[in-house]
Every structure is written in C-alpha cells, then in structure tokens.
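Each chain gets a letter, A, B, C and D, in the order it is written, and its residues are counted from 1.
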Amino acid sequence: MSTLNPPELAEKVTSHGFSKAAGVRIAHLEPGKVELILPRRDDLLQFAGHFHGGVIAALADQAAGIAVTSKLPQGKIGVTVEFKVNFLASADGDEIIARAEAIQVGGTIGVATIEVFTKNENSERRCAFGTATMRAVDLPKAFS
Amino acid sequence: MSTLNPPELAEKVTSHGFSKAAGVRIAHLEPGKVELILPRRDDLLQFAGHFHGGVIAALADQAAGIAVTSKLPQGKIGVTVEFKVNFLASADGDEIIARAEAIQVGGTIGVATIEVFTKNENSERRCAFGTATMRAVDLPKAFS
Amino acid sequence: MSTLNPPELAEKVTSHGFSKAAGVRIAHLEPGKVELILPRRDDLLQFAGHFHGGVIAALADQAAGIAVTSKLPQGKIGVTVEFKVNFLASADGDEIIARAEAIQVGGTIGVATIEVFTKNENSERRCAFGTATMRAVDLPKAFS
Amino acid sequence: MSTLNPPELAEKVTSHGFSKAAGVRIAHLEPGKVELILPRRDDLLQFAGHFHGGVIAALADQAAGIAVTSKLPQGKIGVTVEFKVNFLASADGDEIIARAEAIQVGGTIGVATIEVFTKNENSERRCAFGTATMRAVDLPKAFS
C-alpha cells in the first residue's frame, strides 16, 4: 500500500531520469491540475534555437500524467496510452510552462488537456496545446 | 539557396541541441523514409526505468520531420504542426529505433507515420506508433 | 470575390449534404467561436443506442471548420487537415452540442478545440473533447 | 455469455443506426483486420461535393472497432476511447473503403490503424489515415 500522497508522488516522478536531467520543476499542484516549468538550456532546443518539439511534448506528457495521477486512488499511477500535441507558436522563450488539467478520470482511463506557454521576461504566450489519455496501473514497489 | 542535400540537412538537424545531446543517430535515409536510433541512457528514462514517453515522442517527431523534409524542395524544411503517439509496450530495451515514412507531401503540408521499436540483444518489438503533420518553411539562413 | 460574411457562409456550409441531412443547426456564432446542435435520431446512433462516435466526430469537425473559417479573410474556407477526438462519456442525451473555439489562426493553418456535450431535459454533461487542424483554401466558386 | 462469433457481431453492429442508414458494408473480415465500404450518396457529402470528413471518420472509427473487437474474447466489444484522422486527399470517388488493422490488443486496451481509400471506376487512392484507441467492455445484453 502506497503511503505517498499526490505531491510526494509527483515530486518523486519528477526527480527521475529525463525529467530530473532536463530540469523539470513542479510550480503548482492541486487535485487534477499541475503546472510544470522547464528553463531553457542548449540541450533542449532544436536546429533553429527554439525548444525542441519533442521536449515540449515530454513536458506536456509529464504534466498530464501528474494531473491524472493526482485524481487516482493512492497506490495507482497514470501511464500514457497516447498523447497528441499541436504546436501553435515558436517556443523561443527563457522557459516553457505546461499546465495540465484532468478533464475525466474513471476506473481505468483518465484524460487530460495541456496548455504549454513560452515565457520571456515580459510576456507569456501559448505555444502548444495537447491532449493525453492515461491508464491507471499499480505503482511499482520502489514507489510505494 | 540551400546547397545542402537531404542527407546533409538531416545530419545537420540531428547534430543540434536536444537531438545531439540525447545521442540520436541516423541509421538510414532514403527519400521519404528515415530510421533513427537512440541508445539507452539514464537521463532518457522515466520513473520505472523505461524510455520516457516524451523522449520516444521526441525521436518520433524528429524522424517524421526528416522523412517529410527529404521529399521537400531544397531550401525547405518541415516543422511540426502536430503529432500524436500511441504507446503500445514498455520501451525497456537497450535502444529505441524510430522508422518514419512520409505518406503524403504536398505544397505546404506533409504527413508521416512513425513506428518506434525497443530493441534488446535478441529481440525487437514495436513500442509506439505515431502520426505527424509537418508544414514546409524556408530553411533558416544558418542552414542554407 | 466572396460576398458571403461568416454567418452566411456557415449557414451555407451547414445546409449541405451530411450536415443538412443529419439536422445540424447553428445555435451561436461569433468570430472564432461556434455552437452547433444535433438532435437525436435513430439513424445517428450506434449499436447501444447512443450517438455514434463518428457522428459526434462529424459534428465536432464541422464546428471546428466554422470556428476557424470565421477568423479567415472572406473568400477563404478552412478544410480539415486532421482532427482528434476523445470520448469521455456516453452520448445518451436528446441532443448533442458542439462548442468550438479557434485557438490559433495564421496565414495557412488554423487550430480549434471542440467540446461536445450530451443534453437531456435536466442535465448537460461533456461527452467528448477534440482538437482540429484546418488549412485555408479558396472558396469554391459556387460558394462565393 | 455471448454466442456471437466475430463476423456475426460485426454484422450486427454494422446493421444498426448510423452505420445501417449510411449504407456501410463489410467487405472482408479476418481476426484483427476488416474492410468496410461506403458508397457515395448525397447525404454523406460536404459543401464541395466530396465525402464529409466526419463521415470518413465515422467509417474509420467503425472499422477500428470491428478490427479490435475481432481480437477480444467473445462477450466483449471495443468502444472508442479516442481516434485521430489525417485527411490526405479529396474523397471524391464513388465509394470510400476503410481498412483497419488491430496493431495491439491487450487486456483492456486495443489500438488500430485505419487507411481510407477513395475509389473510382479506374483508380483507388488513399484519402485518409487514422489511429484509434479502444477499450474492451462487456457486450450489452441485447447483443449476446
């Protein structure tokens, strides 16, 4: 039986592997909603010097997973069945911010929408919009 | 006017930013088709020790972009309008391989499908399937 | 040169083919936003007696097209590049309502999100969520 | 306990509601694969006289459901979690043909890809490509 509450679990997930290496940070978490921030770094960009579409997608995916998981019973975690991202503007800011919201969570399936913003000193604009479908699975032992 | 042919351009795109840092390698390229390989590394994984869904998506996106770009006139490059990935199995292998194919390329829009495989010493199985829509834009000066 | 304004064009598109035969009605239209209603009828259902997923998708697609077109220059119409729908609940109401919003419209590409609701006498709940990518093309002569 | 085998179930699903009214016909069915045909009719078109994108999506969705269901245990049916369609060419033929293939079927989730072709007397070309995610549910009593 897991004893991790949603914020602890989100923190643990975010401090692993790609997410930790990239520098993803949880800015806000409430049941069904999360905001993740990822500061610009050269190894996160594409050929034109903007955040790489795959990195934007990775942040969106991670945010969707945390948003859905925060509405699941303790001991469960959402793993991605599929996700889809539309890119709306160049992510040329100093950081990107993904805001995910779980719009439906049932027994086995959860769905989240994600808005991603690119932020400079003076402005913030939406650069991507996504949808993700998650499946609830038992947390691995190491996480409970 | 660009003087880079498709293999040179693919090489140049892959040796930048996230793609270079992650270790993406072009294994095969022909007009409309590309195979990319990404070896396992701790900073590419998620909480359970498999390739991170976002990293898989990033590789798929990059493959789609190269496949579509290889069918565009020289001087043009495909940038992602949207992409969608279904995850079919845990990507727990020593490397992942993305095989993209441009299934339609018109004046401004190109579409590619991508299969991603997870490969161990003895086996290879499909772990993801995606579709990407690309838009043709002029190559940045630095790339022509 | 088209002389149809957005409401006239939306009306014309809706009074054709599938849309007319199915009984789609425009409930509201403002620049970038539209609400379409489709009342229940036996030939719009699936095996279990709910609205057919394809019919829900058709309504969502049509709404997205009208929302994006309403932000394009006169003489242009949005045709669907791709769309994606998540089904969130059984569409078992007396009618379905699609509310689309254009979240980005550029020179050649527009993107809309669509919420679909199933409505009974006493309640309304979201049954689907979608995203659509449109491409601006010249209106056929018959429509200008 | 259902006594319907996959072809009987596919037939039953196809002879209901929208699918029956539109005139959908099963041309081929084997485990994991199905081909559906829909002949042109005025009430299936959009403003420009081609098959309506929503109708193409409906046929793709139906094909995906049958392909996945044919790989499920008897007594189960696949209902759509989400689907995504890219439109590749005008569907201006005398009929459209959807060929779906289940690419992964697990305990609760199945995924199918769908190619849709537009066919004239002398030619056939791909006009759409889609992916669908299905969830296995118990067949309604009326169907077992």
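The working rule: a contact is a pair of C-beta atoms (placed from the backbone, for glycine too) under 8 Å apart; a residue touches a chain by one contact, two chains touch by 3 or more.
Just so we're clear, the structure is a prediction, and the values are computed from it rather than from any experiment.
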Requested in this report: Name the chain whose C-alpha centroid is most distant from the C-alpha centroid of subunit B.
Outcome: C
**Report entry** B-C compared against B-D, more contacting pairs
**Finding:** B-D
Requested in this report: Just give me the whole-number Å value for how far the CA centre of subunit C lies from that of subunit D.
Outcome: 21
Query raised in the report: Measuring from the mean C-alpha position of subunit B to the mean C-alpha position of subunit D, what distance in angstrom results?
Result: 29
Report task. Can you check how far apart subunit B and subunit C are, centre to centre, with Cα atoms defining each centre and the answer in Å? Result -> 33
Query raised in the report: Taking each residue of subunit D in turn, which ones touch at least two of the other chains?
Result: 81-82, 84, 86, 111, 131, 133
Report summary line: Seen from subunit B, its contact residues with subunit A in the complex are 12-13, 16-22, 42-49, 52-55, 57-62, 77, 79-87, 140, 143
Query raised in the report: Where on subunit C does subunit A make contact in their complex?
Result: 84, 86, 88-89, 103-104, 111, 113, 126, 129, 131, 133
Query - List of subunit D residues in touch with subunit A within their complex - result: 81-82, 84, 108-109, 111, 131, 133, 135
